[in-house]
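Chain IDs A, B, C and D follow the sequence of writing; residue 1 opens each chain.
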Amino acid sequence: MTPYLEVPLRLVVLLGLAPLLPGIINKVKAWVGGRRGPPVLQLYYDLARLWRKGVVMSTLASPGFIAGPAVAWVAVVAAIVLLPLGPAEAPFAFRGDVLLMIYLLALARFGTTWAAMETGSAFEGMGVAREVSYAVIAEAAIIAAVLSLSVQTGSVSLSAMLAPAPGAGAVLLAAGLFTVLLAENCRVPFDDPNTHLELTMIHEVMALDHSGPPLAVILHGAAVKLLLFSLLLVEAVLPLGGVSAPVALAIIAAGVFVVTIGVGLVESLLARFAFRSVPLLLTTAFLMCLFALLMAWKGGAA
Amino acid sequence: MNAYLLIIVPMAAAALAALWPGDRTRPWLLPITGAAHVVLSVWMLIAPPAVSDAAWLGFDPLARAMLPAVSILFLCCAVYGLNYLRLRTERPNRIFVACLLAVLGLLSAGHMARHLGLLWIAVEGVTLAAVPLLHFNGTPRAYEATWKYLLVGGTGIALSLLGSFCLGYASIHGGGSGDLTFHALAAQGAGLSRPWVLAAWVLLLAGYGTKMGLAPMHTWKPDAYGEAPAIVGAVLAGGVTTVAFVALLRIRAVVAAAGVGPVVDRTLLVIGLFSMVVAALFLLGTRDFKRMLAYSSVEHMGILAIGAALGGAGVWAALFHVWNNSLTKGALFLSAGNIRRAAGARTMDEVGGMAAITPRSAAIFVTGMFAVTACPPFGPFFSELRILRAAFATGNGIAAAVFLGSLLFVFFGLTRVVFGIVDGRPRTAARKVRERFPETMGVILPAVALLGFSLLLGLATPSVLIEAWDAAVIQLFPVP
Amino acid sequence: MIVGPCIALAALGLAGGIVGGRRWPRVWLALTLMAATGGLGAALVLLAGGADWVWRSALPVGGEVIHLRLDGVSAVFLALMSVVGGAGAVYSREYWSDREQRRSAGRGRRWWSGLMASMGWVLLSANGLHFLLGWEAFTVCAFFLVTLDGRMKAVRRAGWLYLAASHAGTVCLFAFFALLAHSVGSWELGPMREHVELAPLFWLVLAGFGVKAGLFPLHVWLPSAHANAPSHVSAILSGVAIKMGVYGLVRFSGWLPVPAAAGWVVIVAGMVSAVLGIAFALAQDDLKRLLAYCSVENIGVILIGLGAAMLGAAHGGNGLQWGRLALAGALLHVWNHGAFKALLFFSAGSVLHATGTREMSRLGGLWRAMPWTAGAFALGSVAVAALPPLNGFVSEWLIYLGLFDAVTTQGPAAAVAVPAAIVLGVAGALALATFIKAGTIVFMGAARTRRPAHAHECGVLMRGAMCGLAAICLGLGLAPQLLRPILLRATAAWHPAWGGVDPGAPLVPLGTASLAVAMALAVGVVLVFAHVRRNGLNRSVTWDCGYATPGARMQYTSGSFGDLAARWFRWILRPERRLRRPRGPLPDGAVLVDRHPETMLDRVLRPASTGVLHVSTAVRRLQHGRLQSYIVYLVAGIAVLALMVLLGGSQ
Amino acid sequence: MTATLNVLVGLAMGLNLVALGSSRLPGLIRAVALQGAVLGVMPVLMHAMDWRVTLVAIATVAGKGLVIPTLLRRAMRAANIEREIDPFIGFVPSLLLGAGGTIAAVALAQALPLLPEHAGTLLVPGSLASVLTGFVLLIGRTKAISQVCGYLILENGIFLFGLLLIHATPLLVEAGILLDLTVGVFVIGIIVDRIQRAFDTLDTRKLTVLRE
C-alpha cells in the first residue's frame, strides 16, 4: 500500500475508533457501580453536537484561543500516525520518530495550555500549572520507557522498537506505562474528569471556557491521545513480532480493549489522590520505567 | 659625552629655574628640558654609545633599556605640568620647577650609574629632591605625607647604604680592591665573601625595595601619591621606582655572579608575590582613587620583582613591563589629577559621575585602568603574559597561580573604584566645574600620548626596544 | 575564493561602524548590515563546501604575525554572530534610538560594531595571543554595552559583576594560553591532539570558557547582566556572546587532547546546567531574568551534546557515530538557541519598551496592543521548548539520537547517556512550563496594572528584526535537511577522523515529517477557524465558573504558576518569602512577596567575598597612619628576608 | 691608633644609651650632636692627614654637631616642648633594649667574618649598636624631634660601618654620601619646622590623618 492511501485509511480508522474508548471506560464504571450509564457512543453524539454549535469566547482571548486546540489536535493526530500497528509499519517510519512522537504530544500540551491561559481565569491557570508541572515527571518516565525499549531492540525507530517480544522488564514497563497513561490522559487517580469541583481538576478545568468546535476538537484530541497511549502500551508489552498481520491487529484491538477496561476499573475502584501525592506516584512510574530499562540493559548484556 | 648631557642638561635647567625671575614663564623650562632629554635619550637608544667597563657612569645597555621610558614620561608630565602650573598661579613654583628638573637629572644619573656608591648618591638625591614636590600643595596632609615619605624612605635608603658598605666589605674581605663599580664587583664573582654578599643583598633589597615600594616597605606610597600633585605622582611612580628597580637589577647581577643567584631569586620572588597579594588586599577596600593608584603601583613593583626573579626571559619581560608601567601609570596619574581637580575630592563617597563632568579625563582614566590591569591590546598585557610564561617555563607554577589570583583581585579593586567614580550621578553641576577646571587639550593630550605609547608598545613593540632589552638581558646575564 | 573578500567586506563594515557609528546612524546601519552579510556569506560559503580559509599576514601584532583561519567550527559561530549582530543592529536603531537615548545611542552603536569585530576576531584568529586579545576586547565591548544605561545602579552592579566574572574566566585563559605557549613553544593554534601532555590544560579551558558560557555554578553573572542590559544587548549576549564560551570549549576540546574524565565532566555539567537553569527560570518573575536563566539551560543542552561527542571521540568504535550526532546536535543548537533566544529577547525588549517594566506580575493582556510582539514571543516559546516543527526541536532531536545510540550500544558511555537523555526530557518539559507561563502571563489575560494598558506595538525596524529571526526559526525547523553539508563540515572540522560520514543524514526524513506536520497544523488551524466562523462567534466575559465580576487581580500570577514545579527545587532555589496573612474580621494589608535570588551568588559567592573583604579590612588596618609601625614593618621585612637568605644560603 | 678609635667608638656607644635614656629633648639632641662630632673626627684618625679628609671631617662635625642640632633646638623651642611624654617604648625598656642590643652587637661582631685589621676595633659592634638604637628611637618615640634624632643615630651607625671601607672607597664617593646625608637631615629639619607650623605640634600621634 502506498502511504498516500494508507495514511488516510489509518486516520479514518483510528480517529473514528478513538471516541469509543471514553465510552467504554464510562460503561465499565457504570457497570461496577451498578448503574446503566451513558451509551458507549455518547462521545460521538457530544462531538457531533459541539461541532455544530457556535462559539462563545472570552473578551480577553486572542485567536490563539481557537488555534491552540486545533494545534493540539493536529499534533496528537500526527503523533498517532507515527505509531506502527503491529507488523504494519507506520507509513512514516524513520530513525528517531519515537522522539518526534513524544514531542508532538508536548506540542499538543503547549496548544491546549496556551489556549487555556488566554482567558485570564484563575481556574484555568491552576489547571495549566498542574498539567505542565506533572508533565515534567511524566516526560521523564516516558523517556525512560522509550530508552528501555530502545535498549531492548537496539533501535530508535518505533516500528522496530515495538515489534519484538518483550524483555524481562515487561511487567514493570507495563505498570509504568499504564501509570503514565493515567496521568497523561488525566484519569483517576491523577484527575477526576467527573468531579464537580473545579479546584481539583486538571484537564477538564483547562477546557472550562471552551465551547463549540474548539471544545469538540479538545475532547476528540483527548480521546485520540488515550488511544495512542493504549496502543503504545499494548504494542510495547505484547509480542507481536512473529504473528501475521490480521492476528496482530486482532491482538492489538483486544489489548486496547483490555487497557480501556483496566482504566475503567481503576477509576471505579480508586479515589483521586491528593495533589501532593501525585508527584510521588508519577515518580514511582518513572522508577518502574527506569528499572525496566535497567533490566533490559542487563538482559542485553547477558 | 652625550651620557653626561643627560644629567647636565636637566641640572643646568634646574639651576636656571632656580634663578629665573618670572613665575609665569618659568614652567616653560619643563617641556623644553623634557624635549631635549627625550631627543638625547632616544638618539642614544637608537645609536648606543660605547661604554668602557670601568666607567662610573655610562649609557650602558641597561640604562638604554629603561631611561628613555622615564624620559618620555617626563616630557608628557612636563607638558601637563605647564598647564597645571597655570592653574596653580597662587603658589610660587620656583622650587617646584627646579626640583622637578633636578629629579630628572638625578634619575638619569641613577639609571646610568655603574658604581654602587654613585648609584646610592643619585637615588638619595632623587629622594631628597622630590621632597619639595610632595608638599607643593602646602596642606597639613601634604606635610604629613612628606614626613612619612622622608622617614620611611630615608630609613630605607640608609639601609641600602649599609648594604652598599656590606657589599664593598664583601669585596675587600674576599681579597678585592674594594672597587665598587658593578663591573669590577661582578668580575670578582665567587671571590666575594659570601656571608657579606648575602647580608648586603638583604639590606639592599630592603633599601631599594623601600624606594620601589615593595611590601612591606610600601607604607609611604599611598600617602605620598595621594597628597602630591598628579604630575609628581606620575614621575615618582614611573621614574623613581624605575631607578630603584635598575639598582636592584644591577645588584642582582653582582650577587648572582657571587654564586648565590638562586637564593636571591627566591627572595625576589617571595617579596614580589607578597607585594602583589598585599596590594590586592588593599585595593579591595580602598576608596580613594589616588591612593588606589599607589597600591596599583605596589602591585606593579611586585610584578617587576617577580619578573626579575625568573631568569633571562623574566627580566626581559620585566624591562618591557617597566616601560608599560611608567607610561600607563603616568596616564592614569594625569587623568586622575584632572578628575581630582574637577571634583575637588578624591574618594568614591564624594566623587561620582565624572563621565558626565569631565568626559575626556574619565575616558582616559577608564582606558588607563583597563591598560594597567593587563587588558589587551595595551602593553602591560603583553609583558605580564610574558612574565607568566617565564614563570611556567621556570617551573614556578604556584607563583604563577598567586600572580594570577592577585591580578584578579587587583582588577576587582580597581574596577570597583574607577567605575564608582566615573559612573553614576554627578555630584556637582558639570557647567560649574567647567568654569573652574576647563578640560583643555593641554591636560588631556599628555595622558593620551602616554596611553598611545602604551598601545604602540603592546601592538607593535619597536624593534629598537626589543633589541635594547635583549642587550640589557645579555648585560645582566653574561654568557660565560 | 569568495570567503576572503567577504571577510574583508565585513571587516571594512565594522571598522567603518566603529569610526562613524557615533555620528551617522544610517550609515552605521548600512555598514553593519554589510558586515553581517559579509560574515554570513563567508561562513555559509565555507560551510557549504568551500575550502578552509587561511590568511597569514606579515604584519605583526603584539610580536606575532596575524594568522587568521576560518574552518567548519568557527564558521558555524561566525554565521550566528553575523545574523544576530545584523538583526540586533536593525532592532537597536529603533529600540535604542538617538531620540530616546540621546546620551548613549551613539556610544552604543560604536560598541556594537566593536563587539561584532572583536567576536569575529576571536573566531578567526589562530594565534593564542591574538585570541586573548580579541577575547578581552570582546569582554570589554560587551561590558560597555551592558552598562549603556549606566544611570541606574542595578545596571552598573550587573555590569560590574559581568566584568568581574569575565575577568576571572580570562585569568584562567591567561594561564591556559601561557601554559600552552610554553609547552608547544609557540602561540600558534591548531590541531595538536598528539601532544598528550597538554590534556590537563582542558580543566583551565573548562573553567575559563565555562564562566563565559554560563555553565551552572559559574553562571552567577549571567542573570543580572542579561536582565539589566538593553534588550538588543541581551539578545547578542545570550545569542552570541555566551556561545563564544561554547566556541572555546568546542574549539579546544577538538584541537587539544582531553583528559579521560573530560567528557564525563562536561556532560554532567551540561545536565546540571540544563535542569537547574530552567528550574531557576521557571521561578522568576522578571521576564528578562527568566530568559537569561533559560540560556543557562540551553548552554546545558549544548554541553550535553558536546560532552557526548567527547565521550564518543574518546571511546572510538561506534562512539564515532553517536558522538558525531551529538556534536552535530550541539552545534546546531548553538544556531537555534541564538536565533530563538535573540527573538525572545527582542520581544521582551519590545514589551519593556512599551510598558517600562520587566516584572511579569505587572503585565498581562499585551497581545491586543502588541500582536506582532506576542506572535514573535509565542513562536519563540514553541522553539525554545523544543517543540516540532520549529528549530529547537531539530537540534535537541539530534542530541537525543546521539544519546540513544550511545545507550543502545551499551558501552560505558551509556551510563551517563541514560540520565542525560532523561534530563533533556525533563528540561524540555520544564521549558514548556516556563514559557507557557511567560508567554501567557505577559501577553494573555487582562492587564494586571495600568502600565500594560497604555502599551503600543513596536515600529517597523524592531518588528522587522523579529520577523527575520522568526523566519530563521521556522526555516531551520522546516527544512533541516539543508543543514546536512553544514553539519558534515563542522563535525569534520572538530575531529579530523569524523569526515566522510554524514551526521545530518537522519535530518532528511525529519525534514519531511516536519514539513508535513507544519502543513497539517496550518490546514487544521485554518479548518477550525473557518468552521468557527461559519458557526458564529460571540464574545463575552471570561466564564470563570460563573463568577460575575472577574477582575484583573484575580488572575493566576507568575509566582503561583511556577510554584508547583519550582517547589521541587526549593533546596537550590532558596526562595525568600515575605508573608503577612490577613488577620481579624476586617483584614487589611496582607502581603506576599516571593523573591528568587541567585543562589550561587547569594549563598556561595557573597559569603566567600565577604570573607575576603574581612581579610582585606584586617590588612588595611595595618596602614593606620602611625609612622612608628611602618618602620616596624620595614624591620620585620628585613628580618624575614634575612631568615630566608639564612635558610636558603645554608643549602 | 686603634685604641684611640676604640675609645671614641665606645664613647659613641655610650652616647647611644644616653640618647635612649634621656626623656628631655635637649639632652637627646645634645647626645646626638656630640655623637656626630665624635664620628666626624674618626676619619682623620684613620686616614693619613689629607686636606680633603680634613674638609670632610670639618663638614661632618659642623653639620652633625652644630647645624642640625641648632635646627632641632629651634624647632623644639618653637613647638614649646621639652620632654618626650608617654613614648611607645618606655625609657627603661628602651635602655634595656639598647643595652641588650649593644651586647648582642658585640657578640654578633665576633661571629662575623672580618678582616684581621678590623677584628680588633669596635667599629662593627658600634655600628650595629647605633643602628639598633636608631631603630628603637624611631619606633619607640612619639615626638618628631626624637625620631629625627633616632634617624641621625641610625645614620651615624652606618657611617661607622662605612669607616671600614675608608681606604677602599674614593673620597669623591665618600664626600657625595656625606653631602647627601647632611642635606637629608637638613631637609628633615625643614620639614619638622613646617610640620610644627602646619600642625602646631610635633607630636606624631597627631600625624595620622592619612590612613586607610
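Just so it is clear, a contact is a pair of C-beta atoms (placed from the backbone, for glycine too) under 8 Å apart; a residue touches a chain by one contact, two chains touch by 3 or more.
On a predicted model such as this, the values are computed, not experimentally measured, just so you know.
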item: B-D or A-C - the one linked by more C-beta pairs in contact; value: A-C
item: Between subunit C and subunit A, distance of the C-alpha-averaged centres to the nearest whole Å; value: 35
item: Gap in Å, rounded to a whole number, between the CA centres of subunit D and subunit B; value: 31
item: Where subunit C and subunit D are represented by their mean Cα positions, the distance between them in whole Å; value: 68
item: Centre distance in Å when subunit A and subunit D are each reduced to the mean of their C-alpha atoms; value: 99
item: Multi-partner residues of subunit A (each touching 2 or more other chains); value: none
item: Subunit C: positions in contact with at least two other chains; value: 620, 623, 627, 631
item: For subunit D, residues contacting two or more additional chains; value: 138, 147, 204, 207, 209-210, 212
item: Full enumeration of touching chain pairs; value: A-C, B-C, B-D, C-D
item: Residues of subunit C defined as touching subunit D within the complex; value: 620-621, 623-629, 631-632, 635
item: Residues of subunit D defined as touching subunit B within the complex; value: 112-115, 131, 138, 144, 147, 151, 154-155, 157-158, 161-162, 164-165, 167-170, 173-174, 176-177, 180-181, 183-184, 187-188, 191-192, 194-195, 198-199, 204, 207, 209-210, 212
item: Residues of subunit D that touch subunit C when the two form their complex; value: 88, 135, 138-142, 147, 204-205, 207-212
item: Subunit C residues within the subunit B interface of the complex; value: 60-63, 129, 132-133, 136-137, 140, 147, 150-151, 153, 156, 159-160, 163-164, 167-168, 171, 174-175, 177-179, 181-182, 612-613, 615-617, 619-620, 623, 627, 630-631, 633-634, 636-638, 641-642, 644-646, 648-649, 651
item: Residue numbers on subunit A that touch subunit C, as the complex places them; value: 51-64, 66-67, 69-71, 73-75, 77-78, 92, 94-97, 99-100, 102-104, 106-107, 109-110, 113-114, 117-126, 128-130, 132-133, 135-140, 142-144, 147, 150-151, 154-156, 198, 208-209, 212-214, 217, 279, 293, 297, 300-301
